[in-house]
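The chains carry the letters A, B, C and D, assigned in the order they are written, with residues numbered from 1 in each.
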Amino acid sequence: MIKVGIIGSTGYAGAEIVRLISSHKNAKVEWYGSRSYIDKKYYEVFQNMFQIVDDKCLDDNIDELANKVDVIFTATPQGLCSKIINEEVLKKVKVIDLSADFRIKDVDTYEKWYGIEHMSKEYIDEAVYGLCEINRDKVKNARLIANPGCFPTCSILSIYPLLKENFIDKDSIIIDAKSGTSGAGRGAKVNNLFCEVNENIKAYGVATHRHTPEIEEQLGYAAGGEVMINFTPHLVPMNRGILVTAYAKLNKNVSYDEVKAVYDKYYDKEKFVRVLDKDVNPETRWVEGSNYCDVNFKIDERTNRIIMMGAIDNLIKGAAGQAVQNMNIMFGEDEWEGIDQIPMFP
Amino acid sequence: MIKVGIIGSTGYAGAEIVRLISSHKNAKVEWYGSRSYIDKKYYEVFQNMFQIVDDKCLDDNIDELANKVDVIFTATPQGLCSKIINEEVLKKVKVIDLSADFRIKDVDTYEKWYGIEHMSKEYIDEAVYGLCEINRDKVKNARLIANPGCFPTCSILSIYPLLKENFIDKDSIIIDAKSGTSGAGRGAKVNNLFCEVNENIKAYGVATHRHTPEIEEQLGYAAGGEVMINFTPHLVPMNRGILVTAYAKLNKNVSYDEVKAVYDKYYDKEKFVRVLDKDVNPETRWVEGSNYCDVNFKIDERTNRIIMMGAIDNLIKGAAGQAVQNMNIMFGEDEWEGIDQIPMFP
Amino acid sequence: MIKVGIIGSTGYAGAEIVRLISSHKNAKVEWYGSRSYIDKKYYEVFQNMFQIVDDKCLDDNIDELANKVDVIFTATPQGLCSKIINEEVLKKVKVIDLSADFRIKDVDTYEKWYGIEHMSKEYIDEAVYGLCEINRDKVKNARLIANPGCFPTCSILSIYPLLKENFIDKDSIIIDAKSGTSGAGRGAKVNNLFCEVNENIKAYGVATHRHTPEIEEQLGYAAGGEVMINFTPHLVPMNRGILVTAYAKLNKNVSYDEVKAVYDKYYDKEKFVRVLDKDVNPETRWVEGSNYCDVNFKIDERTNRIIMMGAIDNLIKGAAGQAVQNMNIMFGEDEWEGIDQIPMFP
Amino acid sequence: MIKVGIIGSTGYAGAEIVRLISSHKNAKVEWYGSRSYIDKKYYEVFQNMFQIVDDKCLDDNIDELANKVDVIFTATPQGLCSKIINEEVLKKVKVIDLSADFRIKDVDTYEKWYGIEHMSKEYIDEAVYGLCEINRDKVKNARLIANPGCFPTCSILSIYPLLKENFIDKDSIIIDAKSGTSGAGRGAKVNNLFCEVNENIKAYGVATHRHTPEIEEQLGYAAGGEVMINFTPHLVPMNRGILVTAYAKLNKNVSYDEVKAVYDKYYDKEKFVRVLDKDVNPETRWVEGSNYCDVNFKIDERTNRIIMMGAIDNLIKGAAGQAVQNMNIMFGEDEWEGIDQIPMFP
């Protein structure tokens, strides 16, 4: 039985880890960390867990935690994980960080986009970017996982094969993304009130969103050289889901079948990435509640561009689900254990 | 392995049976019935099932079906199940009917409220009203289950204990219910279009809704005499969920603890009915995606009335989940097999 | 030109006053009060007002304000208006208070339900309860208007005629109400975040909601004696709208036509109260964006009860619109000036 | 008083024309055309119009209509207007066609993208593309207006100034658009049911949407040469609103101020186009219920691209409002008469 500790268990992503681990055969949450709700019953914060979880929320205490559990998930704001981990901790437990602290290899880029100083530069190199379908082998033996961001997960999985196979021009990539509101977190902000979000759509972080360098770095590995993209996220009046619509110039004349073959080459054996049938567009409703990433593409011969699309549940494949997937890989579990829920519709 | 046939597998309730059975250890769907989509791949209708279900939709053929499966779920409009079942069928398979055909013992009442002639009156007596927590023993040996309606399930579970224990005046019951839109089905009707439902709330079927006599009959058994209620359903702009707010006169001065003890007496050992802590109101978000029914109450000493509240996911405890729960009881499975999903929030 | 001052102009109700006054021929906002946004351009808080309002938000200064304007709207939390008004102010300007401070004549009842001490008891008697259709004559000459609450407006208009004409039993009234989320205000609270409200319905303030004594007092005037009700509000995932479903015992056998005649007697000449055709239920979408209150009823002969229903836009007839309606009456304007917008659908 | 006839008055756009004309000082609807609801009271279809419109719906009869009214709005599917107009009609009345029949000058392009034969080719040249801010002078004397599509209106207003002034590369334009569901019309289709749209976002018509050639033609006039774009619309779970996020390569190094000056040059005197302050992104909630188009831009120096954004209410500036604006111009009315409603929020 894998003993699990969660720092930040009362945010949306943290709560989703709790829910997923609760249906995992070989894992159990031993530490419900939550600075905001110390000593409060966990189910009093999330009544869906009434009669399911009886534990109380605990303060953060990384040393005590390291002695009690096998793996720590940090579902916390940027800067926290890098502040609290150290060699003592990493010797004892695996750490899966859902924040951005260890996602970007170039520390200057991190500090510029996030506006904070990195407190554990020495672990940046070691940390493995936990996009399971791309980095599975490295994940296996990692001590520290940088769990990918929600937008990067969906963007990279949608674009990676075509960039890797040199089908598209790496300097032409534009990613227009749409996210449900749970991605904005559970903090009490006017901008996220029901009446502010409902009956509205807006772009935010235009040309400045922090997921930009993360996507660029990973796409850079695929392209074998620096990639610069436009990335524009939008806030959609729904709870869950991310949809990515990405545009790029084709490097050559290609047929539907040729492109399909490339996607299949990378994803045919992947349980959690589904390449849809021709002309079926990914929709967030078809992946909600699951760890799936649905992808597809459309060639526009008129403009010689290709439109690449992907859909995920931002809290599962975009956060908690992928974190558990990484845990499964690290601990030799079936990769889909605890995260094989079928998408729930409607 | 229990072989399952579904007639009406492409409605919302039918699709939910498919989803739940797909995660059931000892059951498997063998027949995806759907008159509207014959020969179409099931996943083409519900893309969430892509790469999960590869079968095609089949026409209704009760005789062939009876030979192939162990249990038939009819998730169809009123009148169909009563038209197609017969002794040959019932000798071979169990039938769990999600329509109203066998819920009401008095055939005149049925025909009056539903406006159709009943085609299998001879099975009305035999049919067991499958509200598992109340009728578990009868369900065990039934051949034919009348799976309760969504509003009746939530209403009866909320009111039953107090009526049975004579705490409330049986002539004073008013049920004000609120339902998500999946309860209206997947038919293409202007009234159920997004723009007609969104940003709106309305009552419908005021004083005439067909679930009224169903609730009255079941409450009548608890009260030991005829019960007449007011029942008003409302349509809420959300996908899933039913909330019941019921009002009744108290027969005597009672304390919180006395009432709580009555609820506990009936539900303490029931996994799927959760009596909430004092002053915590049921909310549909805390049961969405699960088979739970959350109930609670509030005494109003000023008016000597009690407000009884209940919340369910209308597609699960209010339809498909309870149907599978009935199947589990009938086939000697763990009652919660396939339906022990934790509520998904947000 | 009526000069208008608003204290609390950046809440939802305050902003709605701004919007309505902006289309009023003979009124103009001279003071955009907002403690939270002092010196900020009003349109920076509400971008819909970009290029329409160029003023800055001002601090509260009742004395200065009283010298500058003809009427002050206080769209503020309970307790503020009663703290700042005095004879000096009332000699100079009319005051329309959208809070509950002057709605309840019995100060003990106010202090008990609201949990605060009343700071201007001397004006409670003088204040006129501004439910225009009922108290129009008193409004005309008032200095101080207690603008009715959103739930009370809809509840009273739905029930008043039948109670006044003694058609219903005053001790049997149960009001089950449903409100959009703008009624909860613009404060940054976790409970009002999009993801907490969306896909959910819940009751709140069960048997304890502060609008209860306000409704009871007004219904008491109609009944000619003390009235005690059950009142249960629910939060609906939509921006605007209140729906009231009220239940009462009929005092005698009455026909549809007799009841209809009573409603018509009271509302036939009222522009803003529409008695709908037979069997057409009020729905919030049909009044959204307008000052209308739609009402109707259904007799249930089986239970000898009547179901009375009403729908309003909570921010207009339930707050800002009625406040402007009161202003129009007080200043001799056409009653519908500035508030005759047609409901916007969808 | 301008006498107005509407063919298709019970669709969402047609109903919005009714609503707007009802608050127009010098216009009045004389003919509520609706094949689906002949002889039914208009308010029975749209209860918001109860006690406001008492007329019945009438069949289409273009000859009778032409004798009775001064202007005909056709808010109908493609192909109808071009089938019914002729010289007799155009001699008698102005026609404002909200369908696509006369928007595209090249009839082959029309027939290819729309898949229908054009029945009035002889009027294509004469028809004026009624994007008021661009073609105001031509509108003044037109007999036949091709009222722009919702996506084209928002797209063109967002991009036009920079293309006209040669700031952007005409071959690099990508338009990613998002629309509320009223844009899909009031037809009873499964895809537009509440439960199918709610909690979902999807792209549709990828690389094939019919608004593509319309946008290309108009942008072509600005660019002074053929323009080919990528255009991807998305369906958003909200009633109203269109947001356009458009990307293009900058032709040269430009500053914020230089770009701002270009937008101001075109829109400074336009009431209905608002160029927002720096770094304020257009959001649909700030224009909902109004005829405004909010636009803004963001320069991304890293990629040398510019992101152009626009927001409209699809039923008003994107359909009915612009149609009335065209009417006002044609009949010498104040351009904003009947359509100067302030955006309603929330």
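Here is the rule we use: a contact is a pair of C-beta atoms (placed from the backbone, for glycine too) under 8 Å apart; a residue touches a chain by one contact, two chains touch by 3 or more.
Note that the coordinates shown come from a computational prediction; the quantities given were computed from them, not determined experimentally.
Chemist: As a test of understanding: of all chains, whose mean C-alpha position lies farthest from that of subunit D?
Modeler: B
Chemist: Select, from C-D and B-C, the pair of chains that is joined by more C-beta pairs in contact.
Modeler: Spelling it out, more C-beta pairs touch across B-C than across the other pair.
Chemist: Rounded to the nearest whole Å, what is the centre-to-centre distance of subunit B and subunit D, using the mean of the C-alpha atoms as each centre?
Modeler: Chain centres of subunit B and subunit D, defined by C-alpha means, are spaced 46 Å apart.
Chemist: For subunit C and subunit D, what's the span in angstrom between their mean Cα positions?
Modeler: Subunit C and subunit D have C-alpha centres separated by 36 Å.
Chemist: I'd like the Å distance between the centres of subunit B and subunit C, where a centre is the mean of that chain's Cα atoms.
Modeler: The separation of the two C-alpha centroids amounts to 38 Å.
Chemist: Please output the residue numbers of subunit D that touch at least 2 other chains, ranges allowed.
Modeler: Residue numbers touching two or more other chains: 12, 182, 195-196, 198-199, 237-240, 283, 285, 288, 346.
Chemist: Going by the contact rule at the top, pick out the subunit A residues touching subunit B in the complex.
Modeler: Its residues touching subunit B are 12, 15, 19, 22-23, 46-52, 182, 199, 239-240, 274, 276-277, 280, 283, 285-290, 294, 341-346.
Chemist: Using the touch rule from the top, collect the residues of subunit D that touch subunit B in their complex.
Modeler: 12, 181-182, 186, 188-190, 192-199, 237-239
Chemist: For subunit C, which residues are in contact with subunit B within the complex?
Modeler: Those residues of subunit C that touch subunit B are 174, 176, 178, 180, 195-196, 198-204, 206-207, 228-230, 232, 234, 236-241, 243, 245, 247, 281-285, 288, 298-300, 302-303, 305, 307, 309, 346.
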